[in-house]
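In the two complexes that follow, subunit A is the common piece, with subunit B as its partner first and subunit C second.
Moving on, here comes the complex of A and B:
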């Protein structure tokens, strides 16, 4: 004990050993395995995996118009969901951070966090019931002479927007809350109108928070397969990865497909950095 | 400086949110857990004290199972390794036990929903408890929705027994995952109808690899309050002008392409399709085209039968492929969902299932006890009525609650089954003997991904 006491560094490394092992072995290790296995090949005829590195899987993905369409559709959905959640989340976050009283703010935070405590699958199934032909949405729209979207991509867009909204609200809220009131007062003292202050002071300062939120909504949409499989019959990246693993047993092709979201996210993060989103760090 | 540290604190929130995100996603990804019956009644059967007396043959390592030691040829199953064929001196093929020893106290089963019922679905429907009481083999089981799911679960899991349809059994045999079955150790095998014995999906190279379970046809179901007039042909779900566009459903598996091929056998006889699982280039392209043309009509594909039930109950789907058990369950709901189902004029795809034993099963004795129990007349009667299919064991027909059951399901009516095409794994070597010009199952899978878009 005393020996350790004299060596604070040893203590630190001992304490860090377990979480670091977890991070390296479980987190990065599995990611590395994913990348490596993407270069293997699977033979359906013999049901075996050949571990000689090759680019066959990537060639197959690029050559296949189906995979291309699915990748683009997934990306489009992720972008659309990100945009929608940002548009909905910003006013809510702004109200919470700048307008609401302490009490209301607390209630709103709880209201936003509360759905996160419910099981994800329960929420998706709830949406299935809402959106179904005889569901509450069609029932309430009936007097207006219109009907809901039914199951499909539009419905999925609604569900994703609902599911990921808290992940957008919370970072924006945190970002807005930390803008010093002094800056806004100074802006006003110097003659800026409300709109001008918003555009030139608040928005630039809150932008990194929006990007932070968008990283969540974008990546969560890219990777999800349960909501698409329950809400729509069209396929998204997660679904084809699942069917390559589940039905075809083609682990290498699934791994190669799995690298698409990883690559997309890297491009996304680089673009975000170019936009100056990380300069505040 | 102030701004920097503030923003940094804002960013510090992120890991916490990220954790939340992963936690939520992780919870969602959890698949159906293993259902272990809660009956913890002490086994009244022979308790397995001491090591179970096993024949050396049954302890043969999995690697001796046929086909696993050499790449499976693309040819038909005729070029078997000679070692599995029963030799003339009467010795058994490797991996085949000569007798059933004492039970191991446990058996793990992978089955279609409705084949293994322990009263958890419906307290009245239970044939597992009796088996557990009689043999002392505690049953744990999982269910699956498609043969593809079954194949992969069985491949990687530690199940002893599987109820495999023809589009899984061939693959399981080719991969060396199942052991040859000594039918002499399954006394009830004697009562199985002849039409189901020695079929290409349960017997390979003259060696039995399983016990026939029963058979049924995939039916066309519709809501009687919406669909009028009542359909009698599969074209009702393929017609681009269908008034029910957007409310059609179909089975979500590559094997569904065969359903399109069955329709083509009638509508385009010039294609010359004789077996919907043996499709050459032109025939396959036509079937895929038909399935693709159906795509816009589909409300949603189904493989989970509870979801198909919800779909019909809510009118999200009003017409499409079904199993008899789904019809029965929907009609039994309160209030009943108005549905009816038929085998359309073109005939239909269907299933003829086989109980198979894992090559390196941990509980081979209990597995054989299950095999014999599940094809016993009483169990067959219970399953056939619950699931809505024709029992393999003809003696079950005297025991069904509805005395007409076997007539309704044509248990011994060979003419009825003439236009039911049992699910079979498509292979490059045409199943109808035309040579290596057919589309293999991996191409079916790719085409299915492409059809769904």
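Moving on, here comes the complex of A and C:
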């Protein structure tokens, strides 16, 4: 053992052997297989898969206005949800990190963590009940003479924002908490007002944490098919991937559609790493 | 002062937003009516009795616990090993490890799901508890890894060097110096991994075969109108039980904050 410590490189490779084997063989291997199968073709008539490489699936996706609309709609939703969660999360995270007393802060962290343990599916169903025709939202809005959005894309935007909000609050909270108080004091000593300090010190230092949170809100929205299927009647990427594989049995087309979120997320992750988001995770 | 009150109000509104759907679930678990109309008709414990007798629900609960325990165990081992290598050694590709570990959770669940489904089918593995655990462990590693890595980067290496200088071998040093420093981070990461696995439905749908985990059981049963109240009960029990791990995690981070400052 001690002899090994004299050769750090061999210890490192011993340590990394199991995790790397798992991630590379199980995960990257599966992803590679998925990528390869995107170039296969499925024949519904014979229910067989032809493994001769071809670009048929990608051609079909690019030529189809339905798929294009769905891809754009999904990306738009993911961007909108990310923006909304960031705007909602920042004030509460700021309050937790820089204003609240030590005890209140602890309670708030628990209050934000707790709903993550309440089943995701149950929360989506709870929103179905709230948003229904006879539901609590319409009941409470009735005296005001307005009604809720009902089921649809607006409702889905609300539900996604709800579901992923804790994933945005927690990293921003951690990021804000890490800012040394001395920097804020220095800023005000040098004559900056509250707003200037916020814009020139706090916001730039908290930005990597917002990007870290956005990785989750963006990715979770891109790949979800359960919330869309329960809340709206329009299709999102997750729905079409699911139905191509599940109902149609067309693995190659599902795989080709799956490359869209993969490519998007890899670009997103590389950008996020450059912005320093990985240290804020 | 104005800004402070603004922040307080915003915090209150966000908390209300977070908790209203959970309150709704709790209220309907006690609602005697099968149909969820508002306002509810009264208070009843009949669905709790019905839930206790429901075999499907009990089996789903234990499958989910088993899957989460398995996935957490694998994630703890692999996540700790990787974090230790990255924190204490320099090697080729070290910068990429964080990226690869993060990938399974950062890529949409449906992609991970169909990818694992395709490769398990190709390998002719039979779908069931084992494939669920493999899938869950893959995206849980990052939670243990991140927690452990953050701790290792903060804890002083000199303690380990002192231990070795005083004649302890590498194993002794790990057991008596490194591990005690790492313990609370591992519990925190493990709890997160457990929670994530317990609640996961998208990857699970593609790797479960015939096994029904709790989220899958809930998803299928809520559609059947007469099962909806039982599902609300299951949710209430899950929320009530979750207080325990969240409390433990919070206590640990409190202890950690007290010891590292």
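Just so we're on the same page, the second predicted complex is superposed on the first by the 250 of 281 C-alpha atoms of A that agree within 3 Å, B and C clash if a C-alpha of one lies under 4 Å from a C-alpha of the other, contacts with A are read in each partner's own complex, and residues count from 1 in each chain.
Keep in mind that, in the parts below, a contact is a pair of C-beta atoms (placed from the backbone, for glycine too) under 8 Å apart; a residue touches a chain by one contact, two chains touch by 3 or more.
On a predicted model such as this, the values are computed, not experimentally measured, just so you know.
Asks: If you stack the two complexes on chain A, which partner ends up touching A:209: first (subunit B), second (subunit C), both, or neither?
Replies: After superposing on A, A:209 lies in contact with subunit B but is clear of subunit C.
Asks: Of the partners subunit B and subunit C, which touch A:220 in the superposed model: first, second, both, neither?
Replies: Both partners, subunit B and subunit C.
Asks: Quick one: classify A:171 as touching subunit B (first), subunit C (second), both or neither.
Replies: first
Asks: Quick check on the superposed pair: does A:180 touch subunit B, subunit C, both, or neither? Answer first, second, both or neither.
Replies: first
Asks: For A:119, is the partner it touches subunit B (first), subunit C (second), both, or none of the two (neither)?
Replies: Touch partners of A:119: subunit B and subunit C.
Asks: Please work out whether A:262 is in contact with subunit B alone, subunit C alone, both, or neither, and reply first, second, both or neither.
Replies: second
Asks: When both complexes are superposed, which of subunit B and subunit C contacts more residues belonging to subunit A?
Replies: On the superposition, C touches more of the residues of subunit A.
Asks: Just to be sure I read the superposition right, which of the two partners does A:188 touch: subunit B = first, subunit C = second, or both, or neither?
Replies: It touches nothing on subunit B or subunit C.
Asks: What part of subunit A is shared between its subunit B contacts and its subunit C contacts?
Replies: Correct list for subunit A: 116, 119-121, 129, 132, 134-135, 216, 220, 223-224, 226, 245, 281.
Asks: Once bound in the complex, which stretches of subunit C touch subunit A?
Replies: 3-4, 6-8, 10-11, 14-15, 17-22, 24-25, 28, 36-39, 74, 77-79, 81-82, 84-85, 89-91, 97-112, 114-119, 122, 134, 137-138, 141, 146, 164, 169-171, 195, 198-199, 201-202, 214-215, 218-219, 222, 228, 231-232, 234-235, 238-239, 242-243, 245-247, 249-250, 253-254
Asks: List the residues on subunit A that touch subunit B in their complex, please.
Replies: Subunit A reaches subunit B through residues 44-48, 64, 66, 69-70, 116, 119-121, 124, 128-129, 132-135, 150-151, 167, 170-171, 174-175, 178-180, 205, 208-209, 212, 216, 220, 223-224, 226, 232-235, 240, 243, 245-249, 280-281.
Asks: Which bits of subunit A are touching subunit C when the two form their complex?
Replies: Those residues of subunit A that touch subunit C are 1-2, 4-5, 8-9, 11-13, 15-16, 18-20, 22-24, 26-31, 33-34, 37, 88-89, 91-92, 94-96, 99, 106, 108-123, 125-127, 129-130, 132, 134-136, 139, 162, 165-166, 169, 194, 215-216, 219-220, 222-226, 237-238, 241-242, 245, 251, 254-255, 258, 261-262, 265, 269, 273, 278, 281.
Asks: Using the touch rule from the top, collect the residues of subunit B that touch subunit A in their complex.
Replies: 2-4, 6-11, 13-14, 17-18, 20-21, 24-25, 27-29, 71-72, 74, 146, 148-149, 151-152, 155, 171, 174-175, 246-247, 253-254, 298-301, 310, 314-316, 428, 440-442, 445, 449-450, 452-453
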